[in-house]
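Two complexes come next, and they have one chain in common, subunit A, joined by subunit B in the first and subunit C in the second.
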Partner chain A sequence: MKDKIYRVISSAVVTLPLFFNLYFFQISSAIGTRKISAVIFSVFVTFLMFMTLYKRDIYKYRRVFFIAAALLFFPSFMSNLISNRGSVTLEDINMIKNEVPFCHMVTPSAIIPYAFTKTLIFPSKLFNSYTSVYSMLMIWLLATLTMGRGWCSWVCFYGGWDELSSSIGKKKRLKLSPNSSYVRYFKFTMLIFLALASLKTLSVVYCEWFCPLKLITEHGDTNSIKGYLQFIFMVVLFIGLLIVLPFLTKKRFQCGTYCPFGAFQSLVGKVSPFRVIIDAKKCTECSICLEKCPTLSITSESLKKGKTDKTCTLCGKCLEVCPKKAISLRFSWLKRVNSLNIHPILNNILSPISFLSFVGLLIGSIVCGGFMVDTINKTINLFGALL
Partner chain B sequence: MIVEAFLLGISSGSYCVFNCAPVATPLFLKENMTKKENFRRLLLFLSGRLAGYLLFGYIIGLTGAYALGYFDPYIRIKLESVTMIILGLCLLISGIEFKNKRLCSIKKLKANKRIGVITLGLLTGLSFCPPFFVAAGRVFGTTGSLGGLIYFLFFFIGTSIFILPFGGFFLFSRFKSAVRFMGKYLRIMIGLYFLLFLGLLNLFTEGVKL
Partner chain C sequence: MKKIIYLLSVSLFGFALLNIPSAFTNMNFIHRQMHKVLNLRIRDSFNGGKKLFRFTDPLGDDNGNGELEYPRSELYKGGVGLMDILSFTIFSPQSETDWSDDIIYWQFSYRLKNLNSGNKSNPKKSPQIINHYFGFEGEEGRTDTLYPRSELVRFDPEYPWQYAVSVDVNSETAKIFSYDDIYSSDITMMVDKELNKIVIRVPLNYKPLRKIFTNPTTYHYVLSGGYDPLTNGNFLPVKKRSSIRNGGGAKSRLTPKVYDYLTPKGYSQKSILESYSEETFEYALLKPIIADPKDLAENKKNSIPDKFIEEFKAALQEENKLSREKKEREVKELEDKLKNSGELKSNIELGIKYFNLGNTEKSEEIILNYLDKNPEDPRAISYYGSIMAMKGGQTDSLSQAMEYIYKAFDLYKKAIKLVKTPEEELEVRLNRANVAKSVPESVFQKNTLGAKDFLKAAEIYKEIYPDKPEYVAHCYIMAALCFKNAGKEEESIIYLEAAESSEKINSTDRYKLLLNGYGYNYEK
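What follows is the complex of A and B.
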């Protein structure tokens, strides 16, 4: 009972700053039905935050937010494109005017050509917009410094698609071994290939040909052979990588094996203070974590080393499934905090789980909040109009 | 003329690197590659390039103005497409390891073999980039066969400045498994890119750029 009270208090203490943030950035400035939508969104995120901390279960509640973000993103994005441009088709005039919202997925493809040629190959505004290059880069930098590849499980508004597909049904129909080098290195090869191809062509090759999300965002016209081929590519990639393969393998296939941005985050994400540690004394080598990890980030080799691979997205699945509770989240460069002998309330507040949940949901709500509130608002208005 | 050829080679710099990097990178990404082996591969690759340039310089100087009339832009694009198809096939074959070795009858073109490295060097040397055509144009009407050889020798020296850094890829042999698999994937991806986008689509249509 005492423990429960402590957990309620510590969870509330960490949740309150997040709620205040949501209040100031979402609720206070909204008017009309938008205010109602902002309240619904804020209560939703606050509830998830509180439950994550109270239950000490990152995976379950994070996943709800993550899938909701993915599902609520595209109705808002596409409807805004239609109301602003008249269609979701990307015309040459939109690119000439730099009207394309900057997408974090092209960051690695854009950096190298920019470094060599001082040319930004993505047709986006640099400043003065929520979706401008600098806004997105600042948020990305903040997220990378705090969470590293945690971005891929807390902030990315695309990843929820394969998380959702992989959670439908329980039977695994296609086995995907995390130990297979073919599986592990493909995304890094994609990263190198796309960086070189973007440098060679000075165009966003990933965006034009290899993005599986084009079907639910914006895409080029199909009036030419190029456009027709691109359309075939995007349909095949969307269905294959985000629906069929995650469903068959029960893994986040796109995030774990294909996404070049994920590969990039794995390389730069080492600055993050969070590490998932496997206690060798408690570990019985049952390999459940290895089998269940959605992004194939635990291998036999990493298990022996007592840690996850650098591709770990801090999703929390291994913490949940380990029967011996041998896996824990730790701070890498604040080691003293890991073993503080203080009051349980303070201990809970200063725990890595509290920090990760707070940072994850804070940055997640900053990046996805606008879209999510917008979709809720449009749904309310739609129902209002129908009634 | 020699200085001009050398400067023309240097001027191809970024274009040359952008075109040859996709071929050269996977070539030097190989498991357990020692500094010596890496250097040997680099020499083989460069010798292939040199052979390609010299051969081309000699032939083009010899045929001279007679061939000039046949080299309109349409033929240039088609010739480039054929070269790209051959390059793409080489890379694809080198990227796909057949379990049954007998399936691969043109093993000699595999990048792991010396002849494969030389062939890739030769074919990248003969890729029809703009500076290459400028050099060819100069040789056509002015130098003759010997002059063509010398001109392209110095053109080769100029372009090689940008190829030499690829000799540093032995450092990556630290990451044995990763390098091996990424090199294979890269060869397949780039092979497909050359074969489909720069080769077949350019050969049979007006061209589709990546």
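What follows is the complex of A and C.
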């Protein structure tokens, strides 16, 4: 009982700053029915945060937010495109006006061309817009410094698609071995290929040909053979990488094996202070974590090393499934410290789980919140009109 | 010891995380700092190339020789400035064309005052035609029009054209023709209804056109007229009187069918379009605008003389002092007048005067009292909005400031819906425009709205105070500043130039224009 009370208090203490931020960013500036939507969204995120901390279960509640973000992002994004420029098709005039919303996926392809030409190979607004280049770079920088590749499980508004598909059903129909380096390192090959191809063509080759998410965002026109081919690629990649393969393998296939941004994030994400540590003394090598890790970030080798691979997205699945509780989240500079002999409330507040949940849901709700609130609002208005 | 290190380091990290939201509230500042380091620039090939030359043309000169009238059909009725060319831009030719259908091309853009016609059934259809003739220096070409008896003009024999681009805005198609009939091709055309801009991309797959890559001097004739599918060359006829099928105001059968022509500096559109001769049966002779790469280097701005800044500051100070004294006097006079009427606490004029004096407390009290009795008065609502905005500017809490500003814009929206007279609309729009200009663009993005309000105010001023062109000029300058804040440089220049051509302008505005010419930010 005492423990429960302590957990309620510590969870409330950490949740409160998040709620204040949600109030500030979402509720205070909203008017009309949008205020109701902002309240619904804020209560939803606050609840998830509280439950994460109370139950000490990152995976379950993070996943709810992550999937909701992906599902609510695209109706808002696409309908805004339609109302602003008439369609989701990207036309030359949108490029002339630098009207293409900047997407984080562009970053790895744009860095090398920028280093050589001092120009950005993507026609976006630089300032004064939420989807401008500097806005996205700032968000990315903040998220990388605080969470590293945690971006891919907390902030990315696309990742929820394969997380959802991989959660449907229980039976694995296609086995994907995390020990196969071909599978795990394919995304790094993609990253190198796309960076070089982008340098050669001075355009973002990934967006033109390899992005599986254009079907739910925006895409080029189909007035030419090239346009048709790109459209076919886009549909096949979306269905294959985000629906069929995650469903068959029960893994986040796109994020774990294909996404070049994920690969890039794995390389730069080392600056993050969070580490998933495997305690060799407690580990019985049952390999459940290895089986269950959705992004193939635990291998036999990493089990021996006592830590997850650099591709770990801090999703929390291994923490949940380990029967011996041998896996824990630690701060990188305090890897050996599990808990200190301090008051349980303080111990809970200052634990890595509290910090990761706070920063993950904070940045996630700043990045996706506007879109999520917008979709909720549109749904309310739609029902209002129907009734 | 271990415990202390743990607590200290984790607390510091926690403190850093709690400060993440402040990055978003200071986004503008952070973005500027990032820009200082990265100095990002979008690759020109996405935008159609670097803007090499920009030629502007006066606002409101879409009357050809000064007397042409628009046809009386529905198509032209609601559209003010449908054939008014405001600017013409030449881009650098492109050979690395990412994400574009043309492999190598040369881009031009034409900006008009208005691209939305009065056609009720299809307001997006615009009824104008633009013919653009251009040539390379020292090459042979033609001096007559692409189609005989089309525009009724001829071209300077020193600068004959080699290529003609015909832009049919109505059907959104454009074509290029060479002077010797060897080459013709459809060209990519894009219409931006929001900015009233037409962009064309001339494909450079015809070898003689690739001369442009060697950076030669080019000259251009850009003409606009009404579109008529039944005439040779598709230029709408102009006759003495306008009718459904033709424009009016033509003095002669040789009057060019050209409503606007991009006139080179040092010439007047009127005199050029009246240079036809009935005796010799010669059409009006057009002079080209010349795009000479040498001019690019000379166009760089000189440094600003210090005396201009000093003079501007002194003029601004003097104007503020006089205006404050005047406002204080007016408040006193009105208060004396209202003393015995019982309206001292609810007179809208007094509330407004207090607001103009900067006394928001007193002003709010009076305006709220007035609004109790007159809840649908648009002026009072809009001033209450401005009071909210001022309160937003004064508060230390950012969330409260945002709440005030959003409330202000809600009130303005309501007020605009309620206006009944042009005077009311003028006041409401100016209130909203001033607030839109002063709130941070990175947070609210209201500068474009502000610019539109200033432009609407300019139109109303023209209508109700035709003898006060300085008011119109002031609105143009303010609109230009709003556009500049919104990152719309091109629009900004157009309205600064429109203000410059005003016959009268007040002294501080005159300095603003002068300083702007030197690229000096006088708003600091």
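What we mean here is this: the second predicted complex is superposed on the first by the 381 of 387 C-alpha atoms of A that agree within 3 Å, B and C clash if a C-alpha of one lies under 4 Å from a C-alpha of the other, contacts with A are read in each partner's own complex, and residues count from 1 in each chain.
We take it that contacts are C-beta pairs under 8 Å (C-beta built on N, C-alpha and C of every residue); 3 or more make two chains touch, one makes a residue touch a chain.
What you are looking at is a predicted structure, and each value in this text was computed from that prediction instead of being measured.
*Asks:* Assess the superposed three-chain arrangement around subunit A: do subunit B and subunit C clash, or do they fit?
*Replies:* With subunit A as the common anchor, subunit B and subunit C both fit in the superposed model.
*Asks:* To make sure I follow: the centres are taken over C-alpha atoms, the vertex is subunit A, the ends are subunit B and subunit C. What is that angle to the nearest 10 degrees?
*Replies:* Result: 80 degrees, to the nearest ten.
*Asks:* Based on the superposed arrangement, let me know which partner A:Ile342 touches: subunit B (first), subunit C (second), both, or neither?
*Replies:* A:Ile342 sits against subunit C, while subunit B stays out of touch.
*Asks:* May I ask you to decide whether A:Trp209 touches subunit B, subunit C, both, or neither, giving the answer as first, second, both or neither?
*Replies:* After superposition on chain A, A:Trp209 lies in contact with subunit B alone.
*Asks:* Applying the document's definition of touch, where does A:Asn21 land relative to subunit B and subunit C: first, second, both, or neither?
*Replies:* second
*Asks:* Quick one: name whichever of subunit B and subunit C touches more residues of subunit A.
*Replies:* Comparing touch counts on subunit A for subunit B and subunit C gives C.
*Asks:* On the A-aligned overlay, A:Met138 touches which partner chain: subunit B = first, subunit C = second, or both, or neither?
*Replies:* second
*Asks:* Examine A:Ile225 and indicate which partner it touches, taking first as subunit B and second as subunit C; both and neither are also allowed.
*Replies:* In the superposition, A:Ile225 contacts subunit B only.
*Asks:* For A:Ser181, decide between first (touching subunit B), second (touching subunit C), both and neither.
*Replies:* A:Ser181 sits against subunit B, while subunit C stays out of touch.
*Asks:* Identify the partner contact of A:Thr201: answer first if only subunit B is touched, second if only subunit C is, both if each is, neither if none is.
*Replies:* A:Thr201: touches subunit B and subunit C.
*Asks:* Thinking of the overlay built on chain A, is A:Ile363 touched by subunit B (first), by subunit C (second), by both, or by neither?
*Replies:* second
*Asks:* Contacts for A:Ile168 in the overlay, against subunit B (first) and subunit C (second): which applies, first, second, both or neither?
*Replies:* Neither partner.
*Asks:* How far apart, in whole Å, are the nearest Cα atoms of subunit B and subunit C in the superposition?
*Replies:* The answer for the closest subunit B-subunit C C-alpha pair is 9 Å.
*Asks:* Starting from the residues of subunit A touching subunit B, keep only those that also touch subunit C in the other complex, and list them.
*Replies:* Looking at subunit A, the two contact sets intersect at 201, 203, 208.
*Asks:* Under the definition above, what is the set of subunit A residues touching subunit C in their complex?
*Replies:* Against subunit C, subunit A makes touches at 17, 21, 23-25, 28-29, 31, 90-93, 95-98, 114, 117-129, 132-135, 137-138, 142, 146, 201-203, 208, 220, 223-224, 273, 331, 333-334, 337, 340-342, 350, 355, 358-359, 362-363, 366.
*Asks:* In their shared complex, at which residues does subunit C touch subunit A?
*Replies:* The contact residues of subunit C facing subunit A are 2-3, 6-7, 9-11, 13-14, 16-18, 20-21, 23-24, 27-28, 30-31, 34-35, 38-48, 96, 98-101, 188, 190-192, 195, 199, 201, 398-399, 402-403, 406, 410, 441-442, 445, 486-487.
*Asks:* Flag every residue of subunit B that touches subunit A in the complex, lowest number first.
*Replies:* Within the complex, subunit B contacts subunit A at residues 18-19, 21-22, 25, 177-178, 180-182, 185-186, 189-190, 193, 201, 205, 208-210.
*Asks:* Could you pull out which subunit A residues touch subunit B in their complex?
*Replies:* Contacts found on subunit A: 181-182, 184-186, 188-189, 192-193, 196-197, 199-201, 203, 205, 208-209, 225-226, 229.
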